[in-house]
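Listed after this line are the structures, all set down as structure tokens.
In the two complexes below, subunit A is the common chain; its partner is subunit B in one and subunit C in the other.
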Partner chain A sequence: MENWLPIFVAAPLGMAFLNLLVTKVFRHVSSYLTMAVVIFLLWLSIRFFGEQPFYYAMGGWMPPLGITLVWDSLSQLLVLIVSIITLAVTLFALPYMQQYTAQSKFYSLYLLMIAGMYGVILTGDFFNLFVFLEIASLASYALVAFGVEAEELEASFKYLVLGGVSSTIILLGIALLYSATGTLNMADMAGILAQGGPKNLIFFIFALFIMGFGLKSAMVPFHAWLPDAHPSAPAPISAMLSGLIIKALGIYCVARIFFIILGIVPIVKTVLMVLGGLSMVIGVFLAVGQWDFKRLLAYHSISQMGYVMVGIGLATPLGILGGLFHLLNHAVFKSLLFLCSGAFEYSTGTRQLKQLGGLMKKMPWTGTSCSIAALSISGIPPFNGFWSKLIIIIALLQAEYYLLGAVTVFVSFMTLISFVKVQKYSLFGSLPKKFQDIKEVPVLMVTGMVILALLCVGLGLLYPFYGQAILESARNLMVEPYQYLQYAMP
Partner chain B sequence: MEGMTFIVKTTTKLLIGIIFLFGIYITFYGHLTPGGGFAGGIMLACGMILMTLAFGKRMSLGKLSDFYASLLDNLGAFTFWTIAMLGYIGGYFFMNFIEKSNPFGLLSSGTILTINIAIGVKVFASVFAVFMALTIFGRFVSGLISEDED
Partner chain C sequence: MLIYFLNSILFVMGLYCLIAKKHLVKKIIGMVIMEYAINLFIILLGYKKGGIPPILLPGMEKSQFVQQSVDPLPQVLVLTSIVIGLSVMALMVAISLRLYEKYKTFDMSEIRRLHG
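On to the complex of A and B.
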């Protein structure tokens, strides 16, 4: 019995509460405690990567009655992404959050958010999924409002209302699934549904989940909260929200529930692809005109999540591989871009692109990282974004979706335009007089950004070395979902 | 004089003990009857809120200050986690490691009683702390009104 699995949830959850107790006596230790947990979890996720899939019965209660945690290839992929990005973001947050008061509360909420994400990724039980989804969402509502300015509170309220709606709808879907199958255990439910369930009810549940998880992952008709919520949060939280939350709570749940539990059907594939295509196009058109750096990045998140959705919705082996690869890449470069925007704000006090300029000379490390991330997201070879977009486009053409393939290329081109604008106005051009004596950001912030920048290059070039182990095994699980029944149940 | 009228204060004095007792009862018998840590904690917090409404904020903050409310809140959550981790040391996360016997008795359910108490403390302290946090805004407005009256 592998006893280490619940530590992924238990360690951040326990530290979130211990942190607040300890900081009542010893102030200023919360960041170090958080750092220790994050490093420990990264070690754990690397140490046990590639283990055989298994389930862990919480409290010794065997499934289908008890709650299970399941360690399989899809969870491993997401756990690895979360661990790596969290490490970089925490490194960045240590100096950055010195600007704010109540740091211990920040780190507690941050750890709760991490615990919620790990829980969503690892759980094998539907109601438990909802609980962890709410833990992660509620922590992120509070973190968006952490600056407590008028704009941030408004964004947080909007996020809270729409997030609450989506959670309610997901809960309704889970309740209907429970009534249809009489079980909450995912593997048990998949087994019952594979023998044939009530078709009409299943379609209704698909519709509920598309709306619920579509809201969580900000697909286009449901995207209204994202451009407010993501820029308003402190930069490390923006990076976490855009890099991880919309993936762990949105796309991952779609992949897990639609493909592995319910079994994908053609009409749902079409809906996912239409939503993804709309997100790509509308997101990028809204992004091109933005002058607020973080808001521009938030619109690009919508657009890039469209790519992931198109790849996954295509449901061919190559398409799913491209979608998962783009999910990994987007987590890396979008977190990096948000961290860079935070670094610019840290040094210059503004994130309006028109007021910036020439920062490459003053902040070479940040500037280079930002440049690498911008090239990655626009799909310039040899950076990682290029390869995943290429795979998605090839998959679309193989499946004879020529129009969508052309749209994908066009959106990639528009992304390039908007990031050329970003680089021209922030990194190059003339340095405004008032920024003559700004300095490079502290070394820990630079470390966090450089780790992600190296990943941007490495993930693209080193795919032959890690692709088989990380991405293709997750893809194989999604293509052959009946594997899940073999190890998630006794 | 802070707070509400004499009638409200007297009624509150009579009721407050019973409300607390009932909250504690619901918390402790959560494993046998409907209720549990959350419901009991809410009742305890409602008792404190009633006290705040009747006697004013200073009185209830004197009984349980915001610092100790926050401390109890974290302590409750941390105790809950500790019980889960004790089970983990015994074999599984959240395992019920205390001996279970004597059906329908108070001490029949192993760790569930301790978990209920931890949740009760946490919910009591955090709901009270949230209520007190909301009254921060009230103080500023009432200050303005009294200035106008002067």
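On to the complex of A and C.
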């Protein structure tokens, strides 16, 4: 089984290019090929679920010289999130993308993005991390501009400039780490730094990585690209960008590099918490006034990633658990909300909340899924968002951050207000005349949304059954990073 | 030490050009200068004055070879990084051409239909 680990990257990467060749002969098969790869990856991640941590040496070159892929509890959490969300999003994309031309190119870029994300999650080598990060980012820049309308190109260019700066800064950080330790293997580097590295240089590297990964995960001083880029993409890509890319490329890298490789220090924790708190507050204030559904959701992404950052930056066991749990939940409900906005746009042709109304009667499945997701994100008790926010708030109070705890409750309240607005204007109220004869979206799109809606309910209620295996094991790794040295190197 | 200082000036010049210039093509040039400054920095990490190429020929002392040869790893990394930089640049050029078709201008201050 261990030899199957590189398939996670190889299958989507290979299919991305094979797809373009095959569609020269057989047109219209690219969506089915993509679906097959995504189902295969889900099957593979379920097969790997619960494996003991191990490393795989690429090409038989043993670490620290060769490149490794590492399977452990933190990557297990992210791999499961990515494979489940991509399945739902691909189901949604099959009918949705019929509106666009050049579908085979869309699916190739989509598979490249998936390959890049799996690579970032699984790699055990710093330069390899950078390469996969760039693969995923480049695919996402191109996908944001996929509609080639004026606004989409503008958003993509903005995203490209800021994303390019962040990648360059990350590369500078990696180069400095190489100069400090003389190795690129993460486990080897962690071992060398644990014996005491050059303090000032490490602080400089922390600063570079906070800027680089902060830009990738859209923390507040670096958030300017997100509200333009995420709404401009086609709806399935918005769901992928908001649900997965900012987590796999941003928060996951912060968790892996800061906590496990470099070893967290108090001042960096404070910086992460300040960034998280700012993101929470500013994101939600910018979101409340929006009337474009997708733009509103994009601002909420900034705000909710702030929760994750606060939870992880708190660095107590409960705080990290809350952060990781909220990461999982946010991936589910934010993808679902973006898919719902796509479904509304598919049926009605608009995403301006003021022009919508009364869609609950005409589109019961989409409407119900949208309600469930809106209740989840605003933290109403039986749904998953409530539990993770509760854990983060309890952790903040236990660590005696009373002010930040109060801010967290307040932001949750503001989120509720803004989603009450969404519900009122889109689902309830009177149906405008021109939408009298709209229909429910095709069955595959509904299937994708219903899977995520069921997850929204299930993840909250079934926590006792899966929490230990998925979330708490990842938390334990982040709290006790020296475990990583035992299995990531011979 | 001087060369590192000059290198950082190159980096900051690229960053300034990327942020402050309005013209799309100038922004692309700034991006490329910034990437090349980082590439140059990575090469400098492995550089030794008067070093020899990192190829172990028959009849060379191993310990002496290690002392004299330059570090080959950064050179390999830079090759990959140049390729990535090239693809980023190609995408930027393609998008800016499409932007010109839509807006009939390369001036970023006039390309503002989004307000974020």
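Criterion: the second predicted complex is superposed on the first by the 489 of 490 C-alpha atoms of A that agree within 3 Å, B and C clash if a C-alpha of one lies under 4 Å from a C-alpha of the other, contacts with A are read in each partner's own complex, and residues count from 1 in each chain.
In this section, a contact is a pair of C-beta atoms (placed from the backbone, for glycine too) under 8 Å apart; a residue touches a chain by one contact, two chains touch by 3 or more.
Just so you know, these numbers come straight off a predicted model, no measurement behind them.
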{"item": "Overlay on subunit A: subunit C relative to subunit B, clash or fit", "value": "fit"}
{"item": "Touching partner for A:I394 - first (subunit B), second (subunit C), both, neither", "value": "neither"}
{"item": "Partner chain(s) touched by A:A57 [first = subunit B, second = subunit C, both, neither]", "value": "first"}
{"item": "Partner chain in contact with A:L18 - subunit B first, subunit C second, else both or neither", "value": "first"}
{"item": "Partner chain in contact with A:A10 - subunit B first, subunit C second, else both or neither", "value": "first"}
{"item": "Of subunit C and subunit B, partner touching more subunit A residues", "value": "C"}
{"item": "Subunit B versus subunit C as contact partner of A:L80, first or second or both or neither", "value": "neither"}
{"item": "Superposed model, angle subtended at subunit A by subunit C and subunit B (C-alpha, nearest 10 degrees)", "value": "40"}
{"item": "Least C-alpha distance (whole Å) that remains between subunit C and subunit B when both complexes are overlaid", "value": "6"}
{"item": "Overlap of subunit C and subunit B interfaces on subunit A (superposed complexes)", "value": "none"}
{"item": "Residue ranges of subunit A in contact with subunit C within the complex", "value": "127, 130-131, 134, 138, 141-142, 145, 148-151, 153-158, 160-161, 164-165, 167-168, 171-172, 175, 178-179, 184, 224-225, 227-228, 232"}
{"item": "Residue ranges of subunit B touching subunit A (in the complex, touch as defined)", "value": "67, 70-71, 74-75, 77-78, 81-82, 84-85, 87-88, 91-96"}
{"item": "Touching residues (chain side subunit C, partner subunit A) in the complex", "value": "15, 18, 24, 27, 31, 34-35, 38, 41-42, 45, 73-74, 77, 80-81, 84, 87-88, 91-92, 95-96, 98-99, 102-103, 111-114, 116"}
{"item": "Subunit A residues touching subunit B - in the complex, by the definition given at the top", "value": "3, 6, 10, 13-14, 17-18, 20-21, 24, 56-60"}
